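All remarks here apply to the structure that follows.
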C-alpha cells in the first residue's frame, strides 16, 4: 500500500468555481492525492437536469483521460450525480456519486435523511435521485435556502449558517429526518457548523458533507480492489460521436 | 379539433437508420402529422448508456427547435428513454418515452411484463429503467436475440421472428411474464407476428410495440391538453453551454 | 384503419345520469363511435363498495352483450373501477378502468398525483385502489368538496370550480402532488378549468379527466391490436348463476 | 364471557357443497356456535373472478340478515375473499377473509408462503390477492393439482394427499416457501397430512388450513371487541338496487 | 380438544411488575391455562434496545424451561418483541410477539395503524419494528403520553385515559391512522376505554390490546397444530455459553 | 488529523478465534490503530440467532469499556450484526455492522448482490438481515459451502477457494447477482481470489470482504465527525441488570 492513491474529482462545470487549495488539502490523507479535473465542454453551473445532461459528454471525455492518466478512482463533483451510470460504463476504475454515497451513508446511520440545499429548483432532482437509488423509504424531505448560488458568498456566513441550521432543525422536528445531507456543492464545509447548531439544541444527528464522504469511499474502494459491477454496468464500445469536437481525444 | 396534431419523433442517432415512409404512414391517423427530427450531433447508434448520454445534448437542441417549429408533442425514438427528464425540463409540450409508456401500458394490461430485445448488452439498461420508473414489481425479465443490430436485416425474417417468438414464449412460461414489450427499435413492426406466434400456442398475451403506442399516447395528451408536471420537471434556464457549437440554435 | 372503432362505455348505474350528446361528441374522434350501454340491474349511484359490488353482475351482462354486438373495447364508467378484473375475464376485448388508466397517465407525467372528488366517503376507496393498482408510492392524497353529488348541479358552477381549484392547489402545495385527477364522474369536463385556475397561480400541473383519457386509451389499444393478458385474466367459464334473471342473456 | 359467540360462515355458492356436521363440529369450541349461511343467489361454484363477482350481491343480503339475526362475526367461505371490502362496509360486525387471514398468519410464522390449490386457473387470483393485501414480498408461488374440483372426491384420497405433499415440497425446496397455505376450500382438512408428509422428509413448516384459522380469528376479534375500521371501511347507505329481487330483504 | 392448552407469558423483566390474578383471569378461556414465567436475569424494565438485549439470554433460558415443563406456546410479554427470532430458533412450540401479532391484526382490519405509548423514547423502536416486520406501509405514527412508566399508576386514571384518547384521536385525524395499537404493556386493559372515547366522537376504529390478542393467537396456533417455520427459523444448537451462570439449566 | 484513530473490533465470541497480527496489519493504515476487544461472556461461535443473542450483553459491556478506553469507533466482528441497534444506543461513537456496511457498499456498486457463506444454516439470517436493512430488492441469494466452520482450515485452501468461486459464479449466472459479499468471518481474506476466479471467466464483479470494508467505513466516519443518529438510536439509560456479573463494569 506504499503507492499513492490518485483520486480525480471531475468538476462538471465550465464556470470558474474550483476547489481551493485548502479545500483539497482537507480532503487528502497520507498516501492519497486529489486532483480536480475540469471539463472542456459543459454548463457554467448545474441547476437543472438539462445542465446535468449538457455536462455528461464532457465528463466522459474527462473520465477517459483521467483513467489513462493513472487515476485510481473518480468522484463526480455534483450533487445530482450526472452521468454516474454512463461513466461507470466508460471506465473500469470506480466512479463515485456524491448523492448516492451520501444517501447510502445516511441510511446506514439513521432511519431516514433529508437534504438542505440552496435552490428550491433542485428539490425534485434530489428527491427523484433518492427514489431512483432505492432510498424512497428513507427520504424525509428537502428544504432550500432559496438564495441564488452566486449570492451565497456575498451573504454574511453567519446568516447562511443560521438559516441552514434552522432548516435542518425543521427537517428533523417536522419531517422526522434522522440525518441531514448537504444538497449542494456550494455548501461544502458547512456540515460541522450545522451539526453543532443542532447539537446545541439537543438534536444529535449526523450532518453529511458529500464530497469528503465520497472521496473517502473512493479511497476505500481502491484500497479494497473494488469497483462497480460489469454485470450492472457493461463496458461501453467507443464509436465515432458526431459533433463532439471536444471529445476528439476519446477516439485516439 | 380541426387543427392537425404535429408529433415529432426525435431520432437520437446520427446513423442513417430512419423511419421509412410506410412506417410513418402506419403511425399516422386522420388529423395527425408525424415528423422524424434528426439530431446534428450524437452517436451513430445507442447500445450503451454512454451512447445515450452522447445523444442528449443534440436531442435537447432538436427538441427546442421542434417546439419552436410548432410540434405539439415529442416522442423520444429510443427504448432507453435517453434524456427524458432533461427534455421535459427543456420544453413545455409533452415529451414521451417509449419504454416508460410501454411499461405503463403493459402494467395496465397484465400483472407483469418482460422485454425481448436484440443485444444482451442492453438487458441491465432496460431492467434499471423498469426499476427507476417504478415498475420493479412488474418486471419479469429480458431476453435477447444476441444478434448484432446491423445484422438483423440480413437474417431471414422468419428466423428472426421465430426466435423472437420462442424467447417470448420462454418469458411467459418460465419467467411468468403476462405481457411482452419489444425492447429495441429495430424490432418495430414485429409485435403482431409475435402475438400470433404465442396465440398459435394458446398463449394470449399483449405484445407491445413501443413506437406506435407512444405516438398514440402523445396524441392523446395533446388532445386532452395535458403535459408533464412543472412541479416534477421545473422549467430549465438556458445558459451558455461551452463546446456545443451544434446547439448554437439554442441561444437564439 | 377505415373501419370504425366502437367504444362502449358501460354505465354501471340505474339512475338517470347519462352522458349528454355534447359530452359524447367531445369524446369522439374521426373513425371512432362511442356508445353508452346501460345496465338493467344495479345501484342508482355508486358511492360505496357495496354500490360497486351491486353493479358488477349487471355490468358483466352488459359487457358480454356489448362484445356480441361488436364493441371493440369497453370503458367502465365509474372512478372506483368496479368489476374491472371480472370483466376482463368475461370478454376478450379490452376493458379499461377510469382510475387505473388515469393513475398510469398521471404517474407517467409527474412524480405523484392526488384526487379531487365530491364525497369524503370515497376517499378510502380511491386510496385503496391506488394502492392495489401499484401506485401507493405515487398517491399524494385525496380531498373532497363534501357536497352531495346530486346537489352539485344546483350550486353555482363558479363556486364549485373555485372550490375544486382551491382543493387542487392545497394538494399541490401542502401534499406535494405533482398532478391532479378528477375523482368523480360528476366532475366530467372540469379539468381544463382547474388546470387554468392553477396555472393562473403559477402552478403548472396536468389535471386529468378520466373519461376522455380512458376512451383515448381504449382506442389506442384497439388500433394496436392489444388487450389484457389471458395469463393475468384467464377466460371465465359461463355457469348457471342463480337469482340473476336479468342476466338471462348471458346463458343464451 | 358466558354468552355464546355466534360465527356465521357465509357460503357464497348455490351449489350443494356444504360443510358437514363433523366439519362444523371440528371448527367449534366451547362457547362458540358456528352456522353456515347460504346465499339465495350466486354461482354454483367459484372458479373465476366472474364467479366471485356474481356471488357478492347475494352475500351482502346474507350478511345483513346474519347481522340482524345476531351473528357476532362473519367468515367468507371462499379462498378468493369475494366481497370482503363490500361486506365490511355493509355490516358492523367483523368480516373475515380466508385468504387475508391465512396470509397474515403465514407471514407471522415464516418469511414467505406459498399456496397449493386445485385448479391452475386460480393461480393469478391468489397471486393478485396476495399482492393487493400487501404480501407480494411474502408470496413465493402457487402450484395446483390441476384436477377438476368435482373430481377430487372421486380420486383416491392417498393419491390427492400424495400429490399435495409433493407440490408443497417443491414449493419449499424450489420456490423457497417457508409456509404452505391451502388455496381451495375443497382441501379443507388436508393440512395436517401435508404437514406430516413434509415433516417425514425433514421439512418442518406450518401448513395453514384457512377455514379453522379464520374462524378462530373471528372468535378472537369478538372476544376482544374488535372489528374493522370505519375509517378504512365507511358504513354504506342502503339504496334501492334494481333487479335484485332476492335481496328484497335488504330494504326491510 | 379435551386437553388444557398451556400458554406461558414470558415476563422479560426482573422488576416486580407482574400480571395480577384478575388480569390473568381475563386472558383465560375454558381449556386454556395461562402462566407468567419470570426471568432470573435481565433488566428491571425495558425502555431501550439495550434493555431488550439484556433480557434475551434470560428469556431463552426461561423459554427452554417452559417448553420442557409442557408449555404449548410462548408469548413474549413486551411490546418491542425482544428475542422473538432467537426464541423461535430455541424452541419448537409457537413463540408469539405482541407487536408483530398486533400489527398483523391491525393491518387486517384497517389500511393503517398507529401506536399510543408511554415514553417518547420508544417511538423509534416501535417504528423500526413495524418496518422490519414488513408493515412500513401501514405504519401511520406513534405518539406518547410522555409520563414515566412508574408514574402512570400515581396519576388519576381519568387523566391518563383522557390523554390516551386525545392522542389516539390526533393519530386518526391528523396522521390518518385507521386503527390504534397500545404500545406499552403498562397500558394493558385501556383499549376499551380508548375505543369508547373515540366512538363517542364518531370515530369507529379498532383499538388493539396486544396481550390478549397475542394470547388468543397463541391458542389458535396450538389448536391448529401450527408453529413457526423451521425454514425461516432453523433449530439452534446448544453450546457452552460463557458467563451465563443463570442459564445453567440450558445445559442440563 | 495528526491524532491516531482508534478502531476497536468487538469480537463477540469466547472461542479462541482471534485476528492474527498479519490480519490486523492488513486492516491498518497510517494514523489508524486497530484493536480487537474480546467479550468476557458469550457463545463460543455464532451460528444461530440464539448464539447472536447470547453475545450481545457481553458486547455491550465491551463496547462501553472500549468507549471509556478511548476508542473512536467500534466494528462488530460478526456477519449477522448482533446487537447493532443496542450498541448504538449504548455508545456515542460510531458502531459499524459488517453486513449492513457491506450491503450498502454492494448496492452502491451493483444492482444486486449475493452472499457466499460457510453454513446453510445462516442463509435465513443473512436474508432476513438484508430485508430488515432495506435491501430486499437487492438481495439475489445466498449459497453455502456447507462445510463446518472448524473444518474449513483443515481443507485444502485451493479446494475451498475453488468451491467459493464456483458458488459465486452460480450466483451471478443463475441468480443474477451483480456483486458478491463474503457471508462469514471465516472467509476473511478470500475476496481477492474469488474476484480473480470470476474475472478469469469473464465475470467482472466486486467481491466484498466485510471486515476491511467496515473498518475503512469506520475510519471515514471518525474523520468526518459522523456517528449514528440519536433520533434513530436514543441514548439508553443504565440500569441494574440482574444476573450479569460479568457486566459489573457497566455500573461503575
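We just call them A, B, C, D, E and F in the order they show up, numbering each chain from 1.
Basically, a residue touches a chain if its C-beta (ideal position, glycine included) is under 8 Å from a C-beta of that chain, and two chains touch if they have at least 3 such contacts.
The chain list, named the UniProt way, goes like this: A, B, C, D, E, F = Asp/Glu/Hydantoin racemase-domain-containing protein.
Predicted, not measured: the structure shown is a model, and the values here were computed from it.
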> Repeat of B-C among D-F, D-E or A-C, where over half of the residue-numbered contact pairs coincide, is which pair?
Replying inline: D-E
> Taking contacts as defined above, which has more of them, B-D or D-E?
Replying inline: D-E
> How big is the gap, in whole Å, between where the Cα atoms of chain A centre and where those of chain D centre?
Replying inline: 53
> Which integer distance in Å separates the CA centroid of chain C from that of chain D?
Replying inline: 30
>> Please tell me the distance, in whole Å, between the geometric centres of chain C and chain E computed from their C-alpha atoms.
In response: 44
> At which residue positions does chain F touch at least two other chains?
Replying inline: 111, 124, 128, 131, 137, 231-232
> So what shape is it, when you link every pair of chains that touch: line, ring, star, complete or other?
Replying inline: other
> Which pairs of chains touch each other?
Replying inline: A-B, A-C, A-E, A-F, B-C, B-D, B-F, C-D, C-E, D-E, D-F, E-F
> Which bits of chain C are touching chain B when the two form their complex?
Replying inline: 1, 29-31, 92, 94, 100-101, 104-105, 107-112, 134, 137-138, 172, 176-179, 191-192, 195, 203-209, 212-213, 216-217, 219-221, 223-232
> Mind pulling up the chain A residues that touch chain B in the complex?
Replying inline: 14, 40-45, 47-54, 56-58, 60, 83, 85-86, 89-90, 121, 124, 128, 131-132, 231-234, 236-237, 239-246
> For chain E, which residues count as touching chain C in their complex?
Replying inline: 111, 137
> For the complex, which residues does chain F have touching chain D?
Replying inline: 124, 127-128, 131, 136
